[in-house]
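Got some structures for you, see below.
After this come two complexes, each holding chain A, first together with chain B and then together with chain C.
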Partner chain A sequence: MTAIQILIDGFAISALYALGATGFTLIFGVSGVLNLSHGALMVTAAVVAWAASSELGLGSYAGAAAGIVVCTALTLATYGVVVRPIDKSRAIPPEEKEIFILTGTLLWGIMIQEFIAYLFTSNAKTVMPIVEGVVTIAGVRTPWNQVFTAVVCWAVIGLLWLLVNRTRTGKVLLAASMNPRGVTLLGFELSQIYVAIWLIYGVLAGIAGVLLGQFLGVSSYSVGPLTASAFSIVVLGGLGSVSGSLIAAYVVGYLETLTAYLVSPAYRTIPALLLLVAVMYVRPQGLLGRR
Partner chain B sequence: MLAKTLRNPLFWLCLIGLALTSVLPLWVSGYILGLLTVAYYFGVFSMAWDLLFGFAGEVNFGPTFLIGLGAYTAGILNGHGIGIPLCLLAGTVAAVIGGLVLALPALRVRGPYFGLTTVVAVLILQNLIVVFADTTGGEIGLTVPDVISIDAATNYWIALGFMGVSGLVLYAIAVSPVGLILQASGQDPVEAGALGFNVAKHKLAAFCVSAVFSGLAGALFVFYMGTASVGTLIDVSVGVQVIIGAVLGGRRTIVGGVLGAVFLIAAGELLRPLGSLSTFVVSAAALAVILFVPAGLLGILTRQGRHA
Partner chain C sequence: MLECAPVAGRRLVRALLGSTILLAANASLSTVQAADPIRIAVIAEAQAIAGAAIPQAAQLAADEINAKGGMDGRKIEIVTYDNKSSAADSVRAFQRAASEDKAHAVIASYISEVVLALQPWSARLKLPFITPGAASNEIPLNVHKDYARNKYSFHGYLTSKAQSQAVCDAAKAILVEGRQMKTAVIMSEDAAWTKPLDEGYKECLPKVGLKVLDHIRFSPSTTDFNPIFSRIEGAKPDVIVTGISHVGVQPTVQWRSQQVPIPMIGIASQATNATFWKETNGATEGVLFEMFAAPGTNVTPKTAPFAEAFKAKYGSYPGYAGYTAYDEVYYIADAVKRAGSTDPDKLVEALEKTDWEGTLGRIQFYGKDDEFTHSIKYGPGLVSGMMMQWQDGKQLAIWPQNVANGKITFPSFVKAGTAAN
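Here is the complex of A and B:
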């Protein structure tokens, strides 16, 4: 019985990890930016969804929509206020842009985190679930919401795959990730491509954040751990590789669930961290990464 | 090199700064001295970090791993009745050993990968401290039986002296030929290697030096505070503060880290009436500096800072 429970719980949490990390890896793959305010964006989506649905009484659908919209707007602001100015700055030498973007987005994330704590306190909030009730799967009572989370995560990842591989926009994005200068020579505006990719990233982070808020609940304290877990999943999978981060999300998700059930919830994150260090020693570019 | 140092206005500025700050205990209250003592230790953390980033070009997101190793080793040993000097030594050695283990992947990977390894090291250390709560005090924190002194002025002078010596040694390394090789390896490792310099060896050495000062500063800090806890010493957010201090003060300047740390501690204290918004304002100010004055505070004060 426990085995099936681990299978089901692990599947849902891993799907959520996968979706949470997808936008992060997409941004890195296309523009080489590691956005350390990632966790803050997801928490914003969840907290806004909570405030709109529970506090303002708008219901779960309007709440989720509000969370996603605000998160997308904030993600675009992250690009416009922090990433783009650093990228364009003449005062920062090119080889140091990376550390400036890392430090800048980190500070931005802290600002969001503190602002959320100021507006809504740092107490944990659980977003009103879109579907209620429980279902029995192979003898294990599972909340419908958990099934819903896994389905939505995979549907969104599937849609993203279609968008990238089957549409013209997607192909331009893909081309931009491989050769930014080549794409501009073909007459595409690189800055528009970046705005598009940040827009997609915002929607992905928003959906992941709202689902996370329904599934596990969040507080302003979740900002750091969420960024760290997205970062480690993406590195484990190989920076820039979406399929790599999907696999890594399932490895980490199941490892954590197994530890929580079989050892103790207190040790939940330790094996995944040790695995990550081991991978860094043996295969620094990650499971499916290119060097 | 000595003649060059004597001609550098930055050197005299620092000397005057040290002289002025060393007589502060005659004028200001114990409360301000306490704040500055903490700021000086953070200044050492930032300077040690800057040697690694500003010169070797490695983004160490886990300065608190080294600081924490030094602090907790010293604190735990002291709890077993070992005297302060030996504890300080043990803490420093522990940080160097930890630094070597952490730096091994640094020889093979660069940039974000290395950055991540260092963050993960912090998270693992944090988890271990909570798991082995019997020895480490866990989430409540470790109480250390001995303190260096209970006199605010004595503690202040120790911190100031330690910061002065650390700054001098780190700065000397940074402007020495070794520092130049480090800088070259940081900017273009392939070319530096082609010129015949062992990039990996120099970076490893830089990591060890950084670990010596981080570990020793962490150990001293424990004996100043009388306690050690994950939240004040090891947490990723503490590491962020160290990094922001160094970048704010001016990267590649070493001494800039002190300015940044004092600014952060002072700003945090002055803005305390704002309550939970104070961190918001400090972060926003730091972000503004990064966006508009990327050379940092010292970069505005002196042009030498950028080439130091």
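Here is the complex of A and C:
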């Protein structure tokens, strides 16, 4: 019975991790940006969804939509206010831009975190669930919300795959990630491609944040751990590799769930962190790293 | 004799003159003193709902006292500092309260770790200090162990040990006698305040008729409680006894979404906040939690009026630490009045003799010879607590009978034992 429970619980958590990390790795893959305000964007989505659905009484669908829209807008603002000006700056030497973007996005994330705590307090919030009740799967009582979370995560990841591999826009994005200069030579505006990729990233982070808020709940304190978890998954999977992140999300998700069930919930995150350290020593390029 | 008379007369005149001058000087001194406000520093976590209620409630008490002309003509001045739950920020604020803002007393934090960090500073700076909400037994135990040094700190809330006893007393009445329950699992967050709480539970639960089947401590950073509930269900207890404060929303929501069929009772600090229903989207329906004062209850004649005044001023009812902070301002002012001074040693002496009917009950402190020196006394006729339950968006008191304004009821997925008759 415990084995089935671990399978189900681990699957849902991992799906959420996968969706949370996909956008993060996507923008790294395409534009080389490690966005350390990632957790803050996800928490914004969840807190706005909570405020709209529970505080304003708009219901779960409108709440979720509000969370995703605000998160997407904030993600575009992150690009426009923090990343792009640093990228375009002539005052910063090109070899130092990466570290400036890291610092800039980190500070931006802290500002968002403080602002959320100021507006909504640091108490945790849970987003009004879209589906309620429980279903028994192989003798294990499972919340419908957990099933819903896993299904939506995989549907969104599937749609992203279709977008990247089956549409013209996707192919341009893919080409930009491989050879940005080549894409500009073909007549595409690189800055427009970047805006498109940040837009997609915003939607992904928004959906992941709202689902996380429905499933586990978030507070302003979740900002750091969420960024750290996305970062670990992306490093483990191989920087910039979307399929690597998906695999890494499942490795981390199941390792955490196994630890929580078989050892103690208090030690949940430790084995995954140890694995990460080990991977950095043995295989610094990650599981499916590109470089 | 006659010869001496003029000399004696001159002496008398001089003495009279001298004393008149002295009296006049004294009078002018006391006028200065009367104008000098009683300054109370409040250090709390403004971003947390429980913390925000502390400075707000303290200000409300000060406004009320000032509106009536102050305490012996001295106004109460509240100086607030946001410590963002950080012990380091709190220590800095405490030092500033002592050196720059010249506070006469400090009300600080509901987090035991923070209060334990401030206690040595209260001793060093000889600044009377009261916590409105931390629970660790260590706070009063430290006073008992080194009274001369630590006598400046007071524990304005119940110790973890007293709280575990309060939960056991309620569980005995409503679950063991009321619902024929026999077994329990303890579920607590890993923090300074829960160590003595859990020890207390393990000691008193079997005494009231609840056998402890398992004891789970989890990290306050836990987000997924499914493994914990799964382990609890495996032990098949009749009830889950909680010790949660830093966490609250997540376990409650997952208890509901997973439809864990076991009721929860115990300390759940976040559930004391009026906003908890919205934060959990109603998942808190049926959760039982210990509280010492609440809106709509008549713990004392001061309880409900304070809750309503707080709501009128700040828009929502206070968390538990709001009640204690409100009472603290009143009995600090009362102690200043009785001491006739803000001298720290005299103030401590007066605070020790506190006998104040607050919103929480009758407040007295344990003395130097008691184990929990300077902690408020627990028991009937003093501060005794009550068991509350969230029902349909409201916090209702269900035990003891004399303060109850609702009857116990559980959501349909909860197996709630067999009701006695």
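Note that the second predicted complex is superposed on the first by the 291 of 291 C-alpha atoms of A that agree within 3 Å, B and C clash if a C-alpha of one lies under 4 Å from a C-alpha of the other, contacts with A are read in each partner's own complex, and residues count from 1 in each chain.
Everything below uses one rule, namely that contacts are C-beta pairs under 8 Å (C-beta built on N, C-alpha and C of every residue); 3 or more make two chains touch, one makes a residue touch a chain.
These figures come from a predicted structure and were not determined experimentally.
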Side-by-side fit of chain B and chain C on chain A, or clash: fit
First, second, both or neither for A:T257, with chain B first and chain C second: second
First, second, both or neither for A:L204, with chain B first and chain C second: neither
Which superposed partner A:A124 touches (first chain B, second chain C, both, neither): second
Which superposed partner A:C153 touches (first chain B, second chain C, both, neither): neither
Contacts of A:G217 with chain B and chain C, given as first, second, both or neither: second
Partner chain in contact with A:A266 - chain B first, chain C second, else both or neither: both
Which of chain B and chain C A:I13 touches, first, second, both or neither: second
Touched partner set for A:V134, first chain B, second chain C, both or neither: second
First (chain B), second (chain C), both or neither touched by A:A230: neither
Shortest CA-CA distance between chain B and chain C [superposed frame, angstrom]: 5
Set of chain A residues, in rising order, touched by both chain B and chain C: 117-118, 266, 269
Residue ranges of chain B in contact with chain A within the complex: 53, 57, 59, 104-105, 108-109, 111-113, 115-117, 119-121, 123-124, 127, 130-131, 187, 236-237, 240, 243-244, 247, 251, 275-277, 279-280, 283-284, 286-287, 290-291, 293-295
Residues of chain A defined as touching chain B within the complex: 34, 82, 85-86, 89, 91-92, 95-96, 98-100, 102-104, 106-108, 110-111, 114-115, 117-118, 224, 228, 231-232, 235, 239, 266-267, 269-270, 273-274, 276-277, 280-281, 284-285
Chain C partner contacts - residues on chain A that touch it in the complex: 2, 5, 9, 13, 50, 53-55, 117-118, 121-129, 132-134, 141-143, 145-146, 216-217, 219-220, 222, 225, 257, 260-261, 264-266, 268-269
Chain A partner contacts - residues on chain C that touch it in the complex: 45, 47-49, 52, 85, 190, 216-219, 221-228, 230-231, 247-250, 253-254, 257-259, 270, 273, 275, 278-281, 283
